[in-house]
Structure formats: C-alpha cells, structure tokens
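Presented sequentially are two complexes of chain A, the first with chain B as partner and the second with chain C.
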Partner chain A sequence: MARIVVLGAGVSGHTAATFAKHWLGKDHEVVVVSPNSKWNWIPSNIWVGVGEMTPEDVVFELAPVYEKAGIDFRQAKAVSIHPEGKQDSEKPYVTIEYTDPNKQGQTEEVEYDYLINATGPKLNFAATPGLGPEEGNSLSVCTYGHAAEANTYFQEAIEKMKKGEKQKFLIGTGHGMCTCQGAAFEYIFNIEHELRKAGVRDKAEIKWISNEQFLGDFGVAGVHIKWGGHIVSSKVLAESLFVERGVDWITGAHVKEVQKGKLTYELLDGTEGEEEFDFSMLIPPFTGVGLKAYDKEGNDITDKVFMPNGFMKVDADYTPKPFEEWKASDWPKYYQNPDYKNMFAVGIAFAPPHPISKPAKSVNGTPITPAPPRTGMPSGIIGKTVAQTITEVIQGKYSLDEVPEKGHHASMAEMGAACVASAGKGLLDGSAVALTVYPVVPDYEKYPGTGRDPEYTFGEVGLAGHWIKHILHHLFMWKAQLKPGWTLIPE
Partner chain B sequence: MPELLTYPDHRLLQISGYVRDFKDPKLKTLIEDMKKSMEENGLKALAAVQIGRPIRVVLLKQESGYLIMINPTIFGKEGELFYSSESDESLPGATLSVPRYPVVKIMYQDIDGNDRFYTAKGEEAIILQRKIDMIFGGYLFDKLSKKEQKKFFKEHGDYGDTCPTYFIKDRILQGLKFFMVLHFLALILSLFFESFRFVIRHNLALAAIELAVLLFYAIYAKYETTKYKNCTSCQGANVLGTAAMYLAGIVGMYIVSLILGLR
Partner chain C sequence: MAKDYLDVQKNITPYDGKSFGTMVPGPFQRFLRKCLIWQFIRFIVINLKMLMVVAKSHH
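Showing the complex of A and B:
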C-alpha cells in the first residue's frame, strides 16, 4: 500500500487528493494535512466582501467529505519536510502540528511515499508596513473571514453615505510584487455596483491602485479579447470599463506604507504619492508558508528544496534571465522536485521561474512587477495532472525517474484558461467579463509577437457572464463536496 | 515607401507584439521606414502597426528629433478625464469624441533596450494615448459607446467580419418565441375555456416540439456563426445563454401545464 500525503486543501490540493483517491481506491492511502477545517471557494469571497453571499455560502466542512471519500484528514499545519527520512529510518516524512481544537499544538510525524505540496501562499501582509486587517489599516478578501470583515466595514460605509457623508474607496494591490489583480478588479467593480444599488454612488469616490505596468495587465501581460468586432488587449477593455463606471486609477505603484486612512506609494518613474481613503481593500503579496526541509542528518536543506520566496522548486528552469530570453520551456511541466522525485508541488506552492508580465523596476530599483498567478483553473488542472502521474507511478506504469518522459504534463505555457471576472452581482443587472486566454504563459516562439494564439481568444462583457460566474460557484461547490457526477465537472 | 494603412484594413486591426530582440537589424530598418512614412505624410506620431508591422514601436516627432518609444505603456496619468475631439490618419474622414487624460506617464525602452520614462502633456499626451492604444489593438471607435459605435460602423462601413444584421438563427428564435407566446396565452385561456384545454392534454407534445426547435436553433446557430470569428454576439456563450433562457421558459410552461392538469 502506497501513501500519498497532500499538504493543503485548497483548489489544487483538494483536486489532487480527491482524484488520487478516486483513481487508486482502497488499495492505497491518501492523507490530507490542512490547517483549515473548511474548504473555501475563494473566487466567491468577493461576493462575501460586499454582502451578496455569506461566509457559509462559500465554505463547507472538509472532515465529512474526506471521511466519505476514504481520505485520512489531519487538521494540522505542515512544519517541516524530511525527504531523506531520519537516521534510523529511510522513510521520508513530514512533521505536522495540529490545529484541530482536540489536538491543538500536538506534533506528529507523517510518513509518505509521495508528497504533494499544495500549501498555497502565506498572505505576506508584513511585506508592507501597516498593511492588512491585523494592522487595522486595510482590508482583504483573500479568506472568507477577511471578506466577511470587509463587508462589515463596507456596510458601515454605506450607512455613512446614506447619512450624507462622502467616502473614498481605495482598492487594489498592497505591494509592488503582488499577484491576484483579478480578485481586486472584481472587488472594486462589485463595490461600485453595490453602491449604485444602494443609491449612494454619488457619495463615493472609487480609486484603483495596482502594481500593473498598464491597466488591464492582470499579472499575465494582459489578455486579448474580441471587442467591437476585432481583437484588442484587455488594456482597452479595462480603460473603457473604468471610464464607464467612473472609477479612477493609479498603476505602476508599489505601496510603501499603509496608515490609518492613508497610504504612501512609489511609482515606476520614482515619484512618490499619497492617497487618503475611508475604506481600503489591498491584496497582500504572497510567499511560501515557511515550510522547512531537513536531510537525514537533520541539516537544514530548505534552500535546496525551496526558492528564496518559499515556494518549492520543481522542474522549471530557474536560471535568472532577462525578459527578452524568457521561453515557454522555462515553465514546469510535471511539477516534480528535481532532487527528491517523489515530491511534487502544485498550485501556488510551486515556484514559478519568472513573472508572466514584463518585469519592471522603478528608477530607484524597486521591483514593481505582478507575480504570476497560479490560481483558479490552472491550479485545479495542475493538481489533477500530478495526481494522475502519481497514480500511474503507483500502478507501476512507469517509475518516478521516467516521469519527465512518460508522466502527464500541464505546463502553464501549454494550457489555456477561462476566467470569469465579476463586475457586479445581480440576476438581471449583474455583469461579468468572461474570457479565455491561450496559453496562460505567452509562448513567444510559437506565437511571435504577443505570445498568444488569437484563434483561442474569447471575451464577452455582460449579464450572461455573471450567470456563468454564479453557475460556476454552485458547480465547483458541488464538485468539491464530491457530490454525484463530481468527476465529470471540469477544473 | 511603406503603405500607410487605413480602416478597415485587417493588417491595421491587430495587437502588436513586444520587441524582445533589440539587436535585430530589422528593428532599425522599421524605425527608418516609420520616419520616412511620417515625413511623407506629415505626421506628428506613428505606431508601427499603421504601416503593417504589428510591433510595439511608437515614434513621436519633436523639435529635437524623433522620440523612439519601444514597448511603451501608460502607467500613470494626471488631471481630470476629458473628452477630446480627434481624427487620425488611420480613420480618414472620421472625427470622434473620446475620453483622454491631459497628462500621461509613459514607460518605454529606447533603441538599446534601456528603460525610459516620459511625461507627456497637452497635444503630445493625446496623440501618444491614441498611438499606444493602437499597439494594444485599440482604435478611436473602440472608445465609443455601443450606440455610437454602431453609428460609426454605419457611416464608415464595417470591416467585413463583424456581425451581419441578418441571421437565420434569429429567425428560428423569433418563430420559437411566437409559438411559445401562443402556447402561454392558450395556457391562460385554458383556465377559463374548455376548448383551450388541449394545451394541457398535449403538454408533452408541445414541450417536445419547443425543445426540438430549441435544439435545432442551438445547432444551427453554432453552424451559422462559425464563419464570423470576430463577432462578439456570435460566440458560444451567447447561444448557450439564449438557449438556457428559452429552456427555462419551456420547462416552466411544462410544469405549469402538469399542475393545471391535476386540477
């Protein structure tokens, strides 16, 4: 009997664990280690953040779902990986620390044959002084708890506006190296939509602040959509939407410090500015969760297993190179650690070789470049692909050393993604931007110029997009709870 | 002399790609071609795509010479948004009012690939916003509202593969809609007149006919719109969304008929 240990139960970890168990059945063991007792459909958090959904609508308890599936669930956080085992045992293991209230603080060694690191990110609010809900200066929608808190403040702001008070909303990214511009984009337009619904739009000033080099970059060097009958960049779409909805913007900004009611930022040209606000939701930068790695003798090998940003090294080309030399082949295909072949990393947990957007530094040398997104559809596909590879290795179809020739691959430079970005929730007055991008990571050799295939470009703004977004919410909640037909629902 | 493309030439209506190889001698040749074209046509600024080269290069003629901007992006702006009345050599005969900022901050690379910054004001800001839009595939008419855009296409012609005004799929849908409205009216009348109770007796058959027409619509719409690659209203999501709405109507009427049949 082989044992797969999955660290993390987000989109990619949960997908990997559930498919691995589905394919392997009772003959093999799947263990999931996650500090959270609940699964969260994160894309719907933006609706929790404006009061259109409750936290209960976007989560469910993991334990009963895993029990039904025959997956061993440990509510704990992973602390360290020991890929070579220890002095008296060859068996690799991870050390975990329980967050389960019944075993709070207890530690345990969990041995594994195959490890899937799907820990997701640490929300690194500390990278910007004063950033984040804990500091009390800015809000977040990265977790359902954060989103619920953001909604409390949002409703208070609406009440103030109803009494005639003006409010300024500042939404975007809280650092020069953030990712997830898409979530902030959805949130700002949902805020705008809700303020119109509440009849207080005239009392609100809404402003976007982000680290994108241009409006509509979204951390993926922009996407292309069909607009007015021909293909245009998301820059054109975003600018039009911002003008249409009366939302002001600042891009190319690294937020330096957030204080009560104001923040300071540095722009690409080195100039500095200050923005005041009454309500601010700023996405933090991400880092790895801080997992350590040790060899057989107990020596710290964290640097060997992880990149300096804390994300796990996989089969990517990490040689530093300028934008002009970036290639599609830099991106990992199998998500297998090069030194310990039975370790894989999926979703945000794998270390990308470089950004997707063209990198930029301010004249003062401050990096102001969106980090590459590894969330949503790609992260689900990657999780499932790695589960498929490990399943086939366990079934004896090929060895771990043969994974680069025979394993299943899911490079983000070969993969398309569909994205539905909400711009307001409502059965009849909602709207969303629905688009596809292929490939996610531009392949400048295959598609000279933009790096993307125009034949697979699709984009639509309107009510139908909102319905799709809402249907997807229910579809993915259904799938994640392993309800009948879950395997038929795509990632 | 390279040809200056004008709307609705398809070579003009495309997104430009990044310049990644600054040592490529073709880049210098392109810039020389652009300068010649600007001199010949008396232009203040030009995007490479305007001479059929979809590469992110914009040239601005200044008193001191040509400002060469490679991979330019607008990362900042100052001042209040205003509506500027503009025309462009790429859209001869058109003057359109579009939103612009009075001051824009541009990041670009010079001919050697070094990062540079430029703050453009006044006329320069307007023309550079227009030219940088072009390298991202955006033209003056893209900044118009849908209503204004329709008017523009009517006056200046479309570019061949925009949505035609007549679709057979729409006629099928109109027929289905007409049938369903009659069905619905008959359903209401069946509450009062026995002669209309046939809609309840033949509920399943009526629903089957409607479903069959809807299925035919979905298949035919897919076939009919395949050739219109650049037509937003022809995309699968629209056909799917429309079919879903009609399906809800058919199922709704079927359920109501079932309930009425139990009375």
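Showing the complex of A and C:
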C-alpha cells in the first residue's frame, strides 16, 4: 500500500487528493494535512465582501467529505519536510502541528511515499507597514473571514453616504510585488455596482491603485482579444470599463505604507504620492508558508528544496535571464522536485521560473512587477495532472525517473484559463467580464506579438458572463463536496 | 440617441492622459449587454468557447 500525503486543501490540493483517492481506491492511502477545517470557494469571497453572500455560502466542512471519500484528514499545519527520512529510517516524512482544537499544538511525524505540496501562499501583509486587516489599516478579501469583515465596513460606509457623507474607496494591490490583481479588479466593480444599487454612487469617489505597468496587465502581461474585427489589448478593455463606470486609477505603484485613512506610494518614475481613503481593500503579496526541509542528518536543506520566496522548486528553468530571453519552456510541466522525485508542488506552492509580466523597477530601484498568478483553473488542472501521474507511477506504468518522458503534463505555457469577473450578483441587473486566455504564459515564439492564440483568447462584457459566474459557483461547490457526478465537472 | 451619446461621454476629461485615450461603449452596445435574447446566445457561445479552452488545456 502506497501513501500519498497532500499538504493543503485549497483548489489544487483538494483536487489532487480527491482524484488520487478516486483513481486508487482502497488499496492505497491518501492523507490530507490542512490547518483549515473548511474548504473555501475563494472566487465567491468577492460577493461576501459586498454582502451579497454570507461566509457559509462559500465554505463547507472538509472532515465529513473526506470521511465519505476514505481520505485521512488531519487538521494541522505542515512544519517541515524530511525527504531522506532520519538516521534510523529511510522513510521520508513530514512534521505537522495540529490546529484541530482537540489536539491543538500536538506534533506528529507523517510518513509518505509521495508528497504533494499544495500549501498555497502566506498572505504577507508584513511586507508593507500598516497593510492588512489584522494589524494594519486596510481590508482584504483573500479569506472568507477577511471578506466578511470588509463587508461590515462597506455597509457602514453605505450608511454614512445615505446620511449625506462622502466616502472615498481605494482598491488594488498593497505592494509592488503583488499578484491577484483580478480579484481586486472584480471587487472594485462589485463595490461600484452595489453603491449604484444603494443609490449613493454620487457620494462615492472610487480609485484603483496597482503595481501593474498598465491597466489590464493582470500579472499575465495583459491579454489581446478578438473584438469587433480587431485584436484589442486588455488595456483598452480595462480602461473602457473604468471610464464607463467613473473609476479613476493609478498604475505602476508600490504602496510603501498604509496609515489610518491614508497611504503613501512610489511610482515607476520615482515620484511619490499619497492617497487618503475611507475604505481600502488592498491585496497583499504572497510568499511560501515557511516550510523547512531537513536531510537525513538533520541539516537544514530548505535552500535546496525551496526558492528564496518560499515556493518549492520543481522542473522549471530557474536560470536568471532577461525578459527578452524568457521562453515558454522555462515553465514546469510535471511539477516534480528535481532532487526528490517523489515530491511534487502544485497551485501557488510551486516556484515559478520568473514573472509573466515584464519586470520593472522604479528609478529608485524599487521592484514594481506583478507576480505570476497560479490560482483558479490552472491550479485545479495542475493538481489533477499531478494526481494522475502519481497514480500511474503507483500502478507501475512507469517509474518516478520516467515521469519527464511518460508523465502527464500541465505547463502553464500549454494551458488556458477562463476568468469571469462579475459586477453585482442579481441575475438581471449584474454584469461580468468573461475572458479566456490561451496560453496563460505567453508563447512569443509560437504566437509572435501577443504571445496568445487568438482563436482561444477572447473576452466580452455582459449578462452572459454573469450567469456563468453564478453557475461556476454552484458547480465548483458541488464538485468539491464530491456530490454525484463530481468527476464530470472539468477543472 | 444623441442625448445618450452625450451621456456616455460624461466621464471623459480632455487631455487627462487617461479617460481621453480610451473607448467607451455606446448606447447600442450597452443595450446588447443587457438584452436577454442576445445574452442567451452569447451564454451558449461563451460556454462552448470555454469548454474548448478547457479541452485544449488537459494533456
């Protein structure tokens, strides 16, 4: 009997664990280690953040779902990986520390034959002084708890506007190296929609601030779509939406500090500025969760297993090179650690070889570059692909050394993504930008100019995309709870 | 219609370096975004396109 240990139960880890168990059945063991007791459909946190959904609408308890599936669930956080075992045992293991209230603080060694690192990111609010809802002066929608708190402040702001008070909303990214601009983009238009619905739009000033070099970069070097017989940049699409809805913007900004009601920032041209606000939701930068790694003798090998940003090394080309020399082939295909072949990293936990957007620094040398997104559809596909590869290795179809020739692959340079950014929730009064991009990582050799296949890269605004957003919410909540037919729902 | 076109320009400021350099949807485009018949057709088309992208992304 082989044992697969999955660290993390987000989109990627949950997908990997559930498919591995589905394919391997009772003959093999799947263990999931996650510090959270609940699974969260994160894209719908946006609706929690404006009061259109409750936290209960976007989560469910993991334990009963895993019990039904025959997956061993341990509510704990992973602390360290020991890929060579220890002095008296060759068996690799991870050390975990329980967050389960019944075993709070207890540690345990969990042995594995195959490890899938799907820990997701640490929300690094500490990167910017004053950033974040817990110890800072800004809000977040990165977790359902953060989103619920943001909604409390949002409803208070609406009440103030109804009494005639003006309010300024500042939404975007809270550091020069952030990712997930798409989430902030969706949130700002939900805010704008809800304010119009509440009849207080005229009392609100809404402004975007982000680290993108241009509006519509989204951390993926923008997207060129076929529109009205033209190939149009997402810059034009995004600017059009902002102007249509009367939302101002600042781009190329590294937020330096967030004070109560005010933030300071530096722009690419080196100039500095400040913005006052009554309500601010700023996405933090991400880092790895801080997992350590040790060899057989107990020596720290964290630098060997992880990149300096805390994300796990996989089969990517990490050679530093300028933007002009980036290739699609730099991106990993199998998500297998090069030194320990039975370790894989999926979703946000794998270390990308470099950003997707062209790196930039301010004239003062401050890096202001969106980090590459690895969430949503790519996360799910990568998790499923790695589970498929490990399943076939366990079934004896090929060895771990043969994975690069015979394993399933899911390079982000050979994979598309579908994104739907809603504005509002009503079935008839909402709207959305529906977008597909293929491939996620531009391949400038195959598609000179835009880097994308125009046949599979498109976008439009309207109710249709909004309906799709609704359907996706229910489909993925259904799928993640392993309800009948769940395997038929694509990632 | 002329009044509608005046209305869609209300957020454009000449030579502001932002809004003056982009496009805004006119009244007919805005109508199409809300038109249930047209949006139902687009719903089918977008779903099919998304499924094609999904199919192309699994190897």
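Here is the rule we use: the second predicted complex is superposed on the first by the 488 of 491 C-alpha atoms of A that agree within 3 Å, B and C clash if a C-alpha of one lies under 4 Å from a C-alpha of the other, contacts with A are read in each partner's own complex, and residues count from 1 in each chain.
Just so we're on the same page, contacts are C-beta pairs under 8 Å (C-beta built on N, C-alpha and C of every residue); 3 or more make two chains touch, one makes a residue touch a chain.
The structure presented is a predicted model; accordingly, all values stated were derived computationally and were not measured.
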Next item on the list: Using the touch definition from the top, say if A:Ala434 reaches chain B (first), chain C (second), both or neither.
Entry: both
Note to self: Touch test for A:Glu460: chain B only (first), chain C only (second), both, or neither?
What the structure shows: both
Check: If you stack the two complexes on chain A, which partner ends up touching A:His409: first (chain B), second (chain C), both, or neither?
Finding: second
Notebook entry, point to check: A:Ile468 contacts which: chain B (first), chain C (second), both, neither?
Noted result: both
Notebook entry, point to check: Just chain B (first), just chain C (second), both, or neither: which does A:Lys207 touch?
Noted result: neither
Note to self: After the superposition on A, what does A:His254 contact: first (chain B), second (chain C), both or neither?
What the structure shows: neither
Item checked: Touched partner set for A:Val236, first chain B, second chain C, both or neither -> both
Note to self: For A:Ala418, using the defined touch cut-off, is the partner it touches chain B, chain C, both, or neither? Pick first, second, both or neither.
What the structure shows: second
Check: First (chain B), second (chain C), both or neither: which does A:Lys361 touch?
Finding: first
Item checked: Common interface residues of chain A - those touching chain B in one complex and chain C in the other -> 236, 239-240, 243, 434, 458, 460, 464-465, 467-468
Note to self: Touching residues of chain A toward chain C in the complex: what are they?
What the structure shows: 236, 239-240, 242-246, 248-249, 377, 381, 385, 408-410, 414-418, 428, 431, 434, 436, 438, 456, 458, 460-465, 467-468, 490-491
Notebook entry, point to check: Touching chain B in the complex: which residues of chain A?
Noted result: 212-215, 222, 224, 226-233, 235-236, 239-240, 243, 250-252, 267-269, 323-324, 358, 360-361, 363, 434, 444, 448-451, 454-455, 458-460, 464-465, 467-468
Next item on the list: Provide the residue numbers of chain C that touch chain A in the complex, in ascending order.
Entry: 8, 10-12, 18-19, 21-25, 32-34, 36, 38-40, 42-43, 46-47, 49-54, 56-59
Check: Across the complex, what residues on chain B touch chain A?
Finding: 13-18, 20-22, 54-55, 71, 73-76, 81, 99, 105, 107, 113, 115, 117, 119, 133, 136-138, 141-143, 149, 153, 158-159, 161-163, 229-232, 235, 237-238, 240-241, 244
